[in-house]
Every structure is written in C-alpha cells, then in structure tokens.
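What follows is a pair of complexes built around subunit A, which joins subunit B in one and subunit C in the other.
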Partner chain A sequence: MKFIRNTFDKYKPLFDKGGKLEKFAPGFNAFDTLLFVPNHTTKQGAHIRDGVDLKRVMITVVLALIPALIFGMWNVGFQHFSQLGEAGSFVDYLIYGSIKFLPMVAVSYGVGLGIEFAFGIFRGHEINEGYLVSGMLIPLIMPIDLPLWMLGVSVAFAVLIGKEAFGGTGMNILNPALVARAFAFFSYAPSMSGDKVWVADAASIDAISGETILGSLAAGKEAGYSVLDMFLGYIPGSVGETSVLMILIGAAFLLFTGIASWRIMVSATIGGAVMGLIFNSFGVNALMDFPWWQHLLVGGFAFGVVFMATDPVSAAQTDKGKWIYGFLIGFIAIMIRVFNGAYPEGMMMAILLMNVFAPTIDHYVVEGNIKRRKNRQKNNLETA
Partner chain B sequence: MAEEKEALFSKKNRALLSDPLNDNNPISVQVLGICSALAITVQLKPALVMSIAVLFVVIASNVIVSLIRNLIPSRIRIIVQLLIVASLVILVDQVLKAYAYDVSKELSVFVGLIITNCIVMGRLEAFALANGPWKSFLDGVGNGAGYALILVLVAFFRELLGSGKLFGFEVLGHKAKDIADSTGLYALGYENNGFMLLSPMALIVVGIIIWFQRSKNRKLIED
Partner chain C sequence: MSKDIRIKKGLDIKLKGIAETKVSVAPRSGIFAIQPKDFHGITPKLTVKVGAEVIVGDVLFYSKSNEQIKFTSPVSGTVTEIKRGAKRRILAVVIEAKPKDEFKNFGKKDPNSLTKEEVSASILESGCWPLINQRPYDVIANPADEAKAIFVSSFDTAPLAPNYAFTLKEQEAAFQAGIDALSKLTAGKVYLAVNESKSFFNKVQNAEIVNVTGKHPAGNVGVQISHISPINQGEKVWTVNAQDVAIIGNLFLSGEYKPNRILALAGSEVKAPQYYNVTIGQQLNSLLDGNINADNSRVISGNVLTGDKESAKNGFLGHYDNIVSVIPEGNVYRMFGWIPFIGSGSIHSASKTSFSWLFPNKEYTLNTNLNGEERALVVTGEMEKVMPIDIFPMQLLKAVIANDIEKMENLGIYEVAPEDFALIDYTSSSKIEAQAIIRGGLDLMINEVG
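Coming up: the complex of A and B.
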C-alpha cells in the first residue's frame, strides 16, 4: 500500500496546476481516489465529511453484483452444455461462461470509461465514477450472444446521449444501463429478442432451443421449468438476471450498507404482485394464467427492482414518492409483458418510463407537503 | 425610397440568406417544423423532395403576401395567408402526383401538412407582412434552405445507418439472408440499426445536430 501511495505522490506534481501533464489531471485523480480515500477537506463553514464518497458507493453496488455475476457466468456454461445434452463440471461451465462473458465486460468498460475520460479531459472536470456500476450492469442485462460491436455501440449511445448530453453523472434522467439495453433492443432486434439469443451459440446449433420462459408463455406454451429452477436461476435469459437467489443476496448487502432504498424494492414487488393478481383473476391466456408470484421470479423482474429501480439518480427522491414510483414500476412491468408478448422486456420499459416521471412524482409530493403544513399553520392560528 | 437604393445583395440582404442556415436555423434554433423532420427523413429521396416543396411554398407565399401586404386587412390576415399557402400546397401536391407518383405516395399526408408547417406561417407573419418582395424572396430562400439543410442531414444519417443506403443505392454493401452471400460491411457481420428507422431516433439525431451546432457556434451559447 505504502509503495502505491508513494508512487502516486511522486507523480502528482506533474498533474498539478502548471505541471507538464495538467490536462490529464482528471484521469490521474480518478485513479488516485479510486485506490485511496481522498484527502479533500472542507474549507469553509461547518461540514461533516464522510470517507464514503461516490466511488465507495459505486464499488459497493459492484460488490453486490458479484454473486449474480458469478452465477450468471456459470449459468451461461450450464445452459449451453445442458441444452446440448453434454455433461460438464462446475469448472467447465464457469470457464466457458467467462470466456463468453468477460469480453463483454471489457468492451463495456473500455468504451464507456474511454468516453468518460475523454469528456473529463476535454471539459476539464473530474471524471465521474458513475460508470463503474453502469459498466458492470450493461453486460449483465444483455443476451450472451450479442455481438461485441453492438454492445460497444449501445454503450457509446448510453454514455453520450443518456448521460453526457445531460451533464454527466448525477444529472441523467434515465438509468444509463437501461438506455443501453433499450437502444440495443430497438436497434438490433434480431440479436436482442427471440428464441436464439439467450443461450450461447443457440443460433448456430439446432439442438439448442433456448427459449425463455416468457417467450414460451407468449407463444401459448407451458413454462417448462420448475419454480425452483426459476428461483435458483437455472433458466435461459440475460446473463445476470436469472438467479433470484443471488440477486436477493446482493439486495441484502445493499440494504445492509444502506445504499439502496428498501421502499422502492418493497413497493415495486407489491406493484408487480397486484398486477399479477389482477391478471390471474382474468386468466385468458398463458401469460395471464402464469401465477403472480412466479411473474416476480422471471424476466429480470428481481434484477430490475434491486439494481435498476433503486438507482439513486433517476429514482424518485422523496420517501412518499419512492413508494409511488416503485409501485408503478412493478405494476407497469407486468402489464407490458402480459399485454404485449413481443415485449418480455416489460421491466426495462417500466423503469425507463417511471424514470421520466420521477421528478413529477417528487414535485407533487413536495407540493402536497407544503400545502398540508400551510393548512396546519392556518388551523393552529385560528384555534389559538 | 430608401429600399430601392439598396443594392440587391447588400450586406443586410445577404444576412437574410445566410442567417437561417446557421445562426437562426428554423429547425435547429427556432425548433419549428419538427413534425415533418421526424416523419419523412427515413430516406433521402422523400426528404429532398419535401425540402424542395417547402422551399417553393415558402418562397412563393412570402413573395405573394409581401406584394399584397398593404391590401390585407390585418383582422383577416391569417385567413388570407392560409388561403395563399393552401393554394400553393395544392399546386405542389398535384405536380408531385403527376410527375413523381412514388414519392408523392411516400410523403402521403405530409405534403398537405405543409400548410400547417410553422416555418411557412412564421415567415409570413414575422417577415413578409413587413418587408418588400425582394427581401421576402431572399428570406424565403434562406429559411427554406435552412429547413432543407437539416432535413437532408438527418435523412442522410438515418438512411445510411438505418438501411445502409443513400438514395436507395447500397453504399455499405449488399445484405443477403446468408452472411456468406453478403458483400461489403455486411460480410463482416455489420447490421443495420433498426432504431434509426423509428421516429424517436430522428428526434435524437436532430438533438445531436443542435448539440454540435451550439458547441461550435459561440453566438448561440446561452447563460
């Protein structure tokens, strides 16, 4: 540790004002503060400064993603081999999965951070660390067989239009990871939906069927997987979203560290359950008949609720607003996927939609609060 | 009169032509006429035809209104203007139907909707009613060209990235069902961007153009 600190201190003057490499200071500082707690101190007034800065928060979310990530890589191998009817060991699956998945992570971080660095240096502001999480989320919500260049284009679009156009981290109105997915979904539909993309190499090997549960339900067939499979995640799907168990471990970690909002998680689950119950009571087609609690286990619902809906930037800020925001996400997500079988991505659309409405919700919550307090004051004056 | 002494292409008159191309572009600065910019920019050809149609209507209506501007009672001026614009649009529509039926079909209702194009009415109200015919003519050319410029730019990117063509010509190679039969970029696994064909992407492309323009043009930067 001491050695790294010393190295940083040795080269720091180069990047200071007037130094040779002043231009690249944002990049240097980003690495420095990533590895060490920054030693900034407040110069005016009384402030309490916590060691937990934005980077610590982001790293915590990445840590919470690790269980889903490792399981996702294993599942990529497992789905591939088991659909082919071949047996493999735990390590085989994991190695196959990582060979498929790690390039996606590399592309996502490479393209995304490259753009962030370029903007940081060009505009002369500090590099925002928000991309640490987005860069990990993006490959986790993509199908494993997505060509890497498509992933790169989607990442570039998400960072440029989803974030930098609005002013960078903390200013974006939409969740950047979902912007990337929505862009890929509408741009390269054949590579993002259908039966052939969710299991590695399904497109080139006929033996693999690779249908997702929502896909087969939309086609009017049985789900074809047991409830335990759905919960543990032994099903085809985007890389990181299949295992509800692993996502719950991540959720517990996020809630324990106090980073994600439990209000959003709870209310989104309730919202999904309510809509599921409504559909169950009609039960016209296979998707409507699908038990409401199983709706919560498939189609990235859990992943969206835990890691996407709770994004502190694009979510509602007020406590009451969070309840409304979360509830509507769950409610609309199930509605979209049932009413339009071609859009099993209901979760993605619901979160993006509510991202747009989050400021409106907050506005009315705050207005309502002001009104109530005014009334109370008036009543107090009258009675006094 | 002072107006007649002024040279045909004085500095002021040249500004009438050049301003709408950049500093005061009807689409990217005034944000008018967006609806047609979103609807008919999937391909270059209809976009170009639409641009020419709008260019004609703006110029002709500007000149006509300017000629009779002193005869129009101001209470009913909007109706008179609409009448002139509508007649011109019908003229354009009939010509298109006669000589370019395919494009006319592609443009469908949007030719008729030139009547409601905010740029046309905007120029009549803001300029032609208060200026002479020559100036109005220049203003019409400038604004029509400014509109055409953005339309063609947007259509260029949308057709190139959305269907890999320019004016229907396959510039990026031929895409066959089997990748082995494809040529050009498609042989390398490239695929068209389907999002480009949807209207939201037109809005985003216009947005990117505005972003780019504002970062280059210092005059447009607001506090």
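Coming up: the complex of A and C.
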C-alpha cells in the first residue's frame, strides 16, 4: 500500500498545475482516487464530512447488481444447454455464460469510460463515477447474442447524446442505460426483439427457441413456464432481468443502505399491480388474462423497478414526486405490455417516458410549497 | 400556555471530547482582538488610532452604513495594531490588555420601566447591539426596523455543543433582565425555546416558552422560527444567543458592558475538555497552550459544523462563539476508503453505507477529511432528511447557484441562514458547499432587494 501511494506521489507533480501532463490530470486523478480516498480537507463550510461520497454510492449499486449478474451468466448457459437437451454442471453453465457475457461488460466499460475520460480531459473536469453503474446495467438489459459492435455503438450513443450532451453525470434527463437499449432497439430491431434472440445461439440453431414469456403471450400462446421458474429466473430473457429472487436480494441491499428510493420501488410495484388488476377484470386476450402478480414476475418489470426507475438523476427528485413517478411507471409499463403486441416489454418505454415527465411532476410538487408560502404571506397581510 | 414542537428530521453527530461540566477561569490573555469578519456585511469605520488607551465599553469602530451600531472594547488596554488585509480591509483591531479592567459606566437601569427607544439606545451605546442578529440575511439587526418577534434558543444541539442551562446557572437574574430588555424591542413576542423542563429557563418571565425536542438542528433558531412564526417577505425577526442575552442583561443590572461567557473547550484533540470563563476577543493560545494535541489538529472557533478555522497560536475567539472545538486534521489517504462498510468503526455516515447508524450513541473521532471529492448533484432526498424547515433545499440551492432571485424568494430564501444548511454540507454525497452557496445567495438578495 505504501509502495502504491509512493508511486502515485512520485508521478503526481507531472499532472499538477504547471506540470508537463497537466491536461491529463482528470485521468490520473480518476485512478488515484479510485485507489485512495484523497487527503483533501475541508476548506469552508462544515469542518467534518460524512463518510459517503459518490464513489461509495455507485459501488453500492454495482454490488447490488452482483447477484442478478452471476445468476444471469449461469442462466445464459442453462438456457442454451437445456434447450439443446444437453445436461451440464453448474460450472459448465457459468463458464459458458461468462464467455458470452464478460466481453459485453468489457465493451460497455471500455467504450463508455473511454468517452467519459476523453470528455473529462477535454473539458478539464474530474471524471464522475456515474458510468460505473450505467456500464454494468447496459449489458444486463441487452440480449445475450447482441453483436459487440452494436453494443459499442449503443453505449457511445447513450454516453454522448444521452449524457454528455446535457452536461454529464447529474445533468441527464434520461436514464443512460435505457437510452442505450432504446437506441439498439430502434436501430437494430432484428437483434433486439422477436423470438430468436433471448437464448444464446437461438438464431443459428433451430432446436433453440429464444422466445420470452411475454413474447409467447403476445402471440396468443401459453406462458409455458411455472410460476416458480419465473420467480427464480429459469426463463429466457436479457441477462439481468430473469431472476426476481436475485433482483430482490439486490433491492434489499439497496434499501438497507438507503441508496435507492423505497418510495419509487413501492409505488411502481403498486402501479403495476393496479394496471394488472384492471386488465384482469376485462381479460380479453392472453396478455390481459395473465394474472396481475405474474406480470410483476416476468420480463423486465422487477429489474426496471429496482435498478432503472430508482436512478436518482432521471427520476423525480421530491418525495411526493417519487410516489407519483413510480406509480405511473408501473402503471404504464403494464399498459404498454398489453396493448402493444409488437413490443411486449413495456418497462423501458414506461421509464423513459416518465424520465421526461419527472421534472414536470417535481415542478407541481414544488409549486405546492411556493403556493403555501404565498398564501401565508397573503393571510399575514390581511390580518395585519 | 406552552407550545410543544417535535423536530423529526435532522441528525445528531456524537463526537468524542464533550466538555466536562466544570468551569475554570482561563488565564487572561495578553492581547485581545475584535475582528470585523465576525460581523457579516459590516464595513468598520475606526474611531481609535494605534496607541489609544481604551477601557471596557469604549468605542473601537462603528458600522459605516449605520453609525448607531458601535463596536466597543472588551478589555482595558492600549490599541497596538490595526491589522489590514488586501485593499486595506480591516482584519482586526488588536488591544494589549492591562492586568485589570476598568469599565465605562452606562448607568444601571431597570429595563421594565424604560421605553423601547431608551432600551435600544442603551444597548447601542454600550456596544451590545451587534449581539442582536436578524433574519432574513443573517446579519446584525438594524435598530430602525420593527422586529416581528425575537427568538432565543436556550439549547444547542450541534456536535459537542455547550449546555446553556449549565453555563448560565449563575446568571439567572442577568438572563431575565436581558429578556426584559429584548421584550421592549419588539411589538411581538420574545420566544424562548427550551428542551428540558428542569432548567431555570422554564421560569423566565416576559417570554413565551416553547418546548422543542428532536435531533440537531432542533436547537437552531432558524428551525424554531419556521415552526413558530415563519418569516414572510418584508418581515424581520431578530435572534440573540442565550449567553448574549445575559450580557445584555448585565448591562442593565450593572451599567457595565461585561463581555464574558462560559465557553466549552471540546473535541477529541483536547486533553481535558471542560468549560472556561472567557472574554470576547480573547486570544486562543491562553486557553489552548499545553491543553491540546497540537500536532496536526484543527482549532475551530465555534462548532465543527459552522465555526471558523483559527490558528492555535495567534487566533482569537470569535464574537459569537460559545465553543472552541479541536479535531484532528484529515490530510491522510485511505486506500479503497469508498468501499461500503469498510472502516465503519471510524467513519460516520448519515447514509447507511457505514454501520455507524446502528450505533447512534457511539462517540466518534472525526477528522477534517472531505471523504471524497466535489461532484455534480446526483443523489436526491438526502438533503431533505436533515432539513426540518418547510423548504425544498436542493431546489433552493440550485436557484441560488443560478442567481434566480424570483425563484429564491419563492422557495424561501428569507427563511434560511447558512447554519441551517450546515448538515447538508455534512451529509452531501456530492460534497457541495451548501453554507457558502446560501451565504452567497443571501448577499445577492441584500444587494438586489435590500
């Protein structure tokens, strides 16, 4: 540890003001502060500061993703081999899944962080930690067979247009991970939807059906999986979304640490349940008839609620706003699922839509506070 | 009739080194200083020159914008130096003290039999007026204003805070006289916030006693005002520190300006944390020499959330401070310090990424490390948890950063002072300087709205 610190201290002057590599200081600092919490002390304001910083927040979210990630990799192998009728061991599945999935993570971080570093150096600001989470989320919500170049282009679009164009971390309107997915979805539709993409090699091997439960339902077929399979995640789908159990473990961690908003998680679940119940009471087609609570188990609903809707930057910022925002996400997600047969996964669209409306929701919540203040002033003048 | 107010939001930060309840008389320091930086927004006009002999209560300078507001000497002695900084700005008026004080006599008076004008004239004349602050803007009150109400908080909830029921236990009469005087200054009420039923504060006359309980910042006047009588645009509310009420009271009881306080010397780097009887403007080394672990520690005049960094050798006690805190500097690296739950024993966090929230009564030794770097605002909801005032703190801060005056007004800039945002400084995961931002916003409002 001493040695590493000394090495950093040795090269630090090169990057300090007036140093030869001054321009590249944000890049150097990013590595330095990743290894060491810096020795900066308070210069103004409160003399003591909380132990939490943005790195800690972001790493907490990444840790919460780990259970879903590991299960997801295993499931990639499991789906592939079981559909082929081949048996394999736990390790076989996991190795097959990692070979498929880890390159996606590498591309996502490589492209995304590359752009972030370039922007940091170009604009002369420190590199924000936001992409640590986005970079992990993006491969988790993509189909496993998505060509890596498509993933790279989607990431580049999300970081450049979805985030940096607005001013970087903290300024973006839309959730960058979902921007990447939406971009891929509309640009490379054949690789992003349909019944051939959700299990590895489904497109090239006939024996494998890559259809998701929602896809089957939309086509008017049976779900074809037991409720326990849905809950545990032994179903086709994008890597992170299948296991509700693993997502719940992540959710529990996020709620324990207080990093993600419980208001959004609760209200989005309620919103989805309410819409599901409404559809159940009509029950015209297979999707409408699909029990409301099973709607919450399949597709990207749980993953979206726990990891996507709770992104604090693109969500509503006021407590009241979070209730409304979350409820509408759940409500609209199920609505899109049922009404849009060509695109039976509504979560992405619902969250992006509410990202756009979040500032409006906040505006009216804050307006309530302003009105209260003005009324107080008015009453005060009248009594005086 | 007493009101009860329960503050639910907030955060108590328990630190090591709470002052033991015993009082010593601090050795009299050789030199004293009155520092204009303690009086925000005041431009001093000197009335003394280097070499002038002064006694306690002699005017040193007055406010350029309002000649009535005078600042008087806390000791008898000789003015030895006028310290100036950039643009000849006055940093301090330094007085070399004589061994014994002589007091200027302002005449004993019974505030209850005086008119408002007579009371304010006495306070102005003696140099006690700067002890009265106003909201909005958190500056010294203007004697020409009508105050809607005057607020005094009889307790402090900040980390390591002194206990006023203890420090004022021999000043009951003075405190009462001070309240009597203040009650003459407003057409409204004097509100006295108390947090325990046994202290003498509950028996104070001429003030409305309000019971306030809860976590920090329950003891801040800003929070109490917002729950009792929130400030509307155009209104002025005055506030006085509890110990300063006694200084004003003593002026009427004895006819002399007695700028003494019982001060808590506290913090993990103090060898024997306890209370001291001190004089405003006292040089800190008289208290600190041999009493603190001087290597790599920070001396703060005031509490660790809102105080000013001072030099242990030649710093002076701030004009309003009831505590001097000494904590370790945090100029050290921590490897992988951002991993959640690592180092929970020494890292305190309002978020639950440290186990500190499971041990609310554990006393921490916190240093001055920023624990990260400044970033864009990402996490939402954390500010609201420590803001028991009916405003939206993040939206207000953003309005201030954008210099949007109308929005600042709408969002309640008149109701806040920098100290109300001290806990946001503390808890912010983006490490924003909320107090500095709010101070900037208030200064903008003073210039633009007045």
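What we mean here is this: the second predicted complex is superposed on the first by the 369 of 384 C-alpha atoms of A that agree within 3 Å, B and C clash if a C-alpha of one lies under 4 Å from a C-alpha of the other, contacts with A are read in each partner's own complex, and residues count from 1 in each chain.
FYI, contacts are C-beta pairs under 8 Å (C-beta built on N, C-alpha and C of every residue); 3 or more make two chains touch, one makes a residue touch a chain.
Keep in mind the model is a prediction, meaning the values are calculated, not measured.
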More subunit A residues in contact - subunit B or subunit C: C
Contacts of A:85 with subunit B and subunit C, given as first, second, both or neither: neither
Which of subunit B and subunit C A:186 touches, first, second, both or neither: first
Touched partner set for A:258, first subunit B, second subunit C, both or neither: second
Subunit B to subunit A touching residues, read off their complex: 189-191, 193-196, 198, 204, 207-208, 211
List of subunit A residues in touch with subunit C within their complex: 1, 4-5, 33, 35-42, 44-57, 59-60, 63, 126, 128-130, 167-171, 256-259, 261, 312-313, 315, 317-319, 322, 366, 369-370, 372-374, 376-377, 380
Touching residues (chain side subunit A, partner subunit B) in the complex: 147, 149-150, 153, 161, 165, 183, 186-191
Footprint of subunit A on subunit C - complex, ascending: 13, 15, 159, 230, 232-233, 235, 298, 300, 304-307, 309, 325, 327, 329-340, 343, 347-354, 356, 366-381, 384, 390-392, 394-395, 410-412, 422-423, 425-431, 433-436
